[in-house]
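Right after this note come the structures.
One chain, chain A, links the two complexes that follow: it is found with chain B in the first and with chain C in the second.
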Partner chain A sequence: MTVNVTRRQFFKLGAAGVASSSMAMMGFAPESAEASVRQFKLTHAKETRNNCTYCSVGCGVLIYSHGDGSKNARQEVFHIEGDPDHPVSRGSLCPKGSGLLDFVRSEGRLEYPQVRAPGSSEWKRVSWDEALNKIARYIKDDRDANFVERDEKGGTVNHWTTTGFLAASGSSNEAGYITHKVVRNLGMVAFDNQARV
Partner chain B sequence: MINSQNIVARSATTLPAPHARDNVVEVAKLIDVSKCIGCKACQVACMEWNDLRDDVGECHGVYDNPMDLTAESWTVMRFNEVETDFVGGDDVSREKELSWLIRKDGCMHCAEPGCLEACPAPGAIVQYANGIVDFDSNNCIGCGYCITGCPFNIPRISEKDSKSYKCTLCSDRVNVGLEPACVKACPTNCIEFGSKKDMLARADKRVNDLKERGYEHAGIYDPAGVGGTHVMYVLHHSDEPGLYSGLAKDPRISPVVGAWKGITKPIMSAILGITAFAGFFHYITKGPKEEPTDEEVFGEGDDHHRVSREEEHRS
Partner chain C sequence: MTNHWVDIRNANLILSMGGNSAEAHPVGFRWVTEAIEHNKAKLICIDPRYTRTCAVADYKAFIRTGTDITFLGGLIHYLITTDQVQHEYVLNYTDASLIVHDDYGFEDGIFTGYNPDKHTYDDKSSWMYKLGDDGFALRDESLKDPRCVYQLMREHYSRYDIDTVSSICGMPREHIEHIWAEIGKMAVPHKTMTMLYALGWTQHSIGSQIIRTAAMVQLLLGNMGMPGGGVNALRGHSNIQGLTDLGLLSQLLPGYMTLANAAEQDYPAYIKKRAKQPILEGEVSYWKNYEKFHVSLMKSWFGNAATEENNWCFDWLPKLSRPLYDVLDTFDRMYKGEINGYFCQGFNPLASFPNRQKVTEGLSKLKYLVVMDPLNTETSEFWKNYGEYNDVDSSQIQTEVIRLPTTCFAEDDGSIVNSARWLQWHWAAAPGPGEARPDTRIMGDLFIRIRELYRQEGGVFPDPILNLDWDYNIPEAPSSEELAQEYNGRALVDLTDDNGNVTRKAGELLSSFSEMTADGRTASGCWIFSGAWTQDGNQMARRDNSDPYGTGNTLGWAWAWPANRRVLYNRASADTQGRPWGKEKAFVWWSSEQGRWIGADVPDFPLTSEPSKGVSPFIMQTTGGGNFFAGQSMVDGPFPEHYEPYESPIDNNPLHPNNPLARNNPAGRIFDKDRADLGSREEFPHAATTYRLTEHFHYWTKHARLNAVVQPEQFVEISHQLAEEVGVVAGDWVKVSSNRGFIKAVAVVTKRLQPLRIGDRDVHHVGIPIHWGFTGVAKKGYLANALTPVVGDANTQTPEYKSFIVKVEKA
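So, the complex of A and B:
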């Protein structure tokens, strides 16, 4: 059966359609009331505990990254907030700590070791191996040349005063203990913390 | 994105919201202005959590940064230096002292939100049973009525996408049982979060404490004009909230909003309905409009008549 719709009827139907949809626009046809809250973004993120990198207060932070650690997933930090189980600030952070994410992602962040040779104004990128070997070489040479076993009166001092060590402030107790042991075992005297700089 | 939290109010929607599952704890954020040091950790935490990065501004010679709320700065610290009555100490010769009043500005999450009342876009503004007033930017048409409706001048239209934005009280965090990002970051316990009942009790304690220290006008800011708020202040000078960078003394929804939604819109809708009904009534009683027949136009018995009939049959 064919439905014969005349030109006139077609216009009528069209007008009725436009009118009813306009009525819906004006709120006569209620829409479903569905929730639209932003979804929680940390549900399965990998959570890593660490210390804030800035000052000597050393607040605990939780670092959240994409990927659950499976071998094909590359982790990417996307959120950092305070660690409520850390005794220092119990979850709270200062404005700098609260903005740590942009510190991690900063364009000006140093991502690899660089060397500026004496007298040069150019920074040259080097590998970690090269950098660590160079530092170890300098330390060894300087210590060999300047280590003092005994003072003028013959008393044992075992000190090395020509090289200093500046430690990070945002380290854990354990890291601080190990740093201290290494530095003092070498006989180093000038030993300070970034927090006092 | 169906959420387990109930929506108790929805902008521009006449269908009543479901209310069977309203046995939800009302939450509140308490900002104890007397404890704030103006460090702005809350501002940074807010931007970090909500993935907002406002443009770098310019220094205006004051601590306010940015100078005002924007679509990408949902909370700002407002700094105000005023002379207030001298409080405490033995120096009776002093009558006035300098007060540096720092207030964290942002959405108050009113129980009777003016923005939701004014909004003409269905579902662009919703209110949850826990008290949070949230913007659903997908539904926002960028008309700016929410700004007119807000007694605290909070929402801002983005220049990037012409949609309105404001603090969500971190509804995504609260929904899964966490506190808002600003609350968590605050190093001085100035911002606290919990049930509204608990927060009122905490505020009471603080007010008593401040009164003992000589701030006789200390009080809680939970204005009744908007049905109470889910962001409350403890103020040392609650008799003059205007001192805190223009905090409204008796905020109310603008009568313009009430007139638009309360009288104008129903009347206009009624007129629209009556017009449609009158048209239908006219159709029933008078029938469709008669088109003059070809006979009436051209007269009877000529060829034209026959041809046009045949054409009509073919179509």
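So, the complex of A and C:
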């Protein structure tokens, strides 16, 4: 049987001249330390390496999220900080990057495909299938109607100029690469990204 | 950047001009302060405003917006007349000694070959070097020939004397003298200046030529290819470098290759024009390998359908019938009702493009608009009435808008390229909200649906769609790993050396673009990214931050294009004998023991080409040198010349006061409607410039609570003198108007702006931060692009957001 003492009493007793280790052997054990020393809150988080999404310094960031990766357990980002190993940023983030968490969790984030009909003042939620089928149909109809195989001089041009595309310089290389592969081979030439402005 | 962020610490002098890195790239700027504290470097800051970069600078000066070529051209004049030039470098590593074509000339602001009716130089045949009978350029190594590049450059900038510079830039003589003297000290071989710039140089009708002038200064000082040197573009978005590298621009293909124009019907001629041969004997001229990169791209896109017999599907690629289909052209056609559909993938053109009213009218004429974005952007709701901030009648707008939610950086795997050309791999930390999907999946799924429609229904020219190589594990959702390996490239059959030994097995990933062939045996979606994901795995995910030479070069961290080089042209960091220019600048040098180039970086040079062979360091150039004379590579002249912004607070170009054709860039990008929309300085007397704040990122962070809290409300900055003229005090509301629209904002009255003396009058600057709009959690505000003109740089078509004219009234 142990005698209950608080941590404060335990250290006081120790300071009174009796070696605390021998007190523990005598049955005086302190209560669990949880009440006074807070658990490191990132201990059970998943740590993910990433880079800041704003300017082109490319600061390293560590993203902390909850969720163990189980199929039906949703992960959620709850903390972002600088990566101290990164040779450029060495753990720092600027006033923009310090707000990354609020960007990820912004109330302005879009969650569902939506359509705004001609003349309407409202959005209507649609399924991904409905949205993508509608877009594929628009693309095919406009391309088939306006694709130019030969110009007035009889030269092969094989381009489609009545639909344009702006790509995102905030997206990854892999998104950029596949976007280029698809868009260019539909024959599109009115194609740019933020580098133009 | 020719160099990289950490390398800034190696500089002896830092010129910040056309940028404000302390506020726009704060963490990168720490390497500026590192150079100041530990390398005894000095910082010079030149800007129309007193910024936080200026606040820590040793020398600072105000400059009138849009006059940077004048300042830098004057600097060239000063360096040449005072002979503060790195002579061995200029003679051996540049085109200074080459003789220019007899017909080249420049008269009263106009270069030879100008067509005033078309506002273009349509005959650039004289913009080249004079070639000898052997086909190589003639040269005069004494640099005395009046037709050599050095003498033509000296003559061109002889007009840029200090009084002219002072009166055009609005900068007092003593500031100019002091700054030029400091820069002149960097002409010694073992000292370097680095130049840092951003949109403050690009967003002008003469933007590309401002940057060229900067490069010319750096060549004169021998600062290119040197640690702590270079011309360093501090780019704006996290992957704007990558999207540029991957060629997502109207006239480009991946890796800075270009689409054919309609006149280029012949495949061999198309290649020959781009596979540039050296114009000096023995030089590398690496673009001579163009066809290897092009054919490898076609094999990545079309697989077995691309064959030698069909010219590797050359005719399947779209050809350009007009010079450019850039966004200014596209929104002009949209405004005229010539565009039916438009896609905005993570792009907010209503806020980002000039003359917001014209953009709204254009979008309203579309049949369909597709927006893919993580955020609720203004563009996606351009049809919705937000009172004074977006005063539209929804019922009159017949555009169908489809909005797709995408994941953001924290929710996908992949790589992004920072300003230093580093490809850094990142991982998803969580799925996106709701039903948000990654762009890779959206584009994959959409393509499969389009292909299915063509399979079922047939349609116009379906060949490139039906034959697009699409060998992904899940066709609707190609993985980032698959796509990264595709742009890296692989061998399609066993590759062999000259003796028939297999050097790369079929199916293996390439280790470098040097393995590519022009006969269809290799595939690669972006040749400059080759080496990013090799048989040794994902090089972009490497995390060794060691710096064995103490130069700040961490070759084991991530991967940089090309070939993991961190400083471009680094052969130039050694003298003609292959020795470092100075002990503290040792970077890449020749080792006679090893018979190869060695050092802290991957040499940007043929590895075993010994110095005595005399091959020059700029291996992508046909001359092998850094070029003072741009030849035909620019559309608006081989030497940069000052022209006024299209909207200028002064009446003429002081360099050519009697030639109205030379008031503004004679080859600038402007359409008829937009020329009519320019204002007069009588009605709009003040210079205006847009800019960014350290607390915000474009139009994104007004959606993030922390950033919205620290900078919640729209404001403009004006000087005390202008405030007094207008009759407002700090905190009053003002209305700022151009000939295209207006905004209302709180006036911040500040000493950070000062009237500048231009000729015989004082010119005020109005500072306009851009970050507000009608969506987000910050206070609603006016889109600043209500004010800006639709005028583009002659070479890049980048809009002139940094220089236009406005009036200011009490609101």
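By our rule, the second predicted complex is superposed on the first by the 114 of 197 C-alpha atoms of A that agree within 3 Å, B and C clash if a C-alpha of one lies under 4 Å from a C-alpha of the other, contacts with A are read in each partner's own complex, and residues count from 1 in each chain.
Assume a residue touches a chain if its C-beta (ideal position, glycine included) is under 8 Å from a C-beta of that chain, and two chains touch if they have at least 3 such contacts.
Computed from a prediction, not measured in an experiment: that's the story for all the values here.
**Student:** Just checking: does A:124 make contact with chain B only, chain C only, both, or neither of them? Give me first, second, both or neither.
**Tutor:** In the superposition, A:124 contacts neither chain B nor chain C.
**Student:** In the overlay, work out which of chain B or chain C sits against more residues of chain A.
**Tutor:** Looking at chain B versus chain C, the one contacting more residues of chain A is C.
**Student:** Touching A:109, do we find chain B (first), chain C (second), both, or neither?
**Tutor:** So A:109 only meets chain C here.
**Student:** Now for A:79: first (chain B), second (chain C), both, or neither, which partner does it touch?
**Tutor:** Touch partner of A:79: chain B, not chain C.
**Student:** For A:93, is the partner it touches chain B (first), chain C (second), both, or none of the two (neither)?
**Tutor:** Once the two structures are laid over each other on A, A:93 reaches both partners.
**Student:** Should A:53 be classified as contacting the first partner (chain B), the second (chain C), both, or neither?
**Tutor:** Only chain C is touched by A:53; chain B is not.
**Student:** Identify the overlap between the chain B-contacting and the chain C-contacting residues of chain A.
**Tutor:** 80, 89, 92-99, 101-102
**Student:** For a test of understanding, state which residues of chain A touch chain C in their complex under the given definition.
**Tutor:** Against chain C, chain A makes touches at 46, 48-60, 63-65, 67, 74-77, 80, 85-89, 92-104, 106-121, 123, 128, 131-140, 142-144, 146-149, 151, 153, 155-197.
**Student:** Per the contact definition, I'd like the list of chain A residues that touch chain B in the complex.
**Tutor:** 6, 19, 23, 26-28, 30-31, 33-41, 43, 79-82, 84, 89, 91-99, 101-102
**Student:** Which of the residues in chain B come into contact with chain A in the complex?
**Tutor:** 1-5, 7, 10, 12-15, 17-18, 39-41, 43-45, 47-49, 53, 122-123, 126, 128, 134, 136, 138-139, 168, 171-173, 175-176, 181, 184-187, 269, 272, 276, 315
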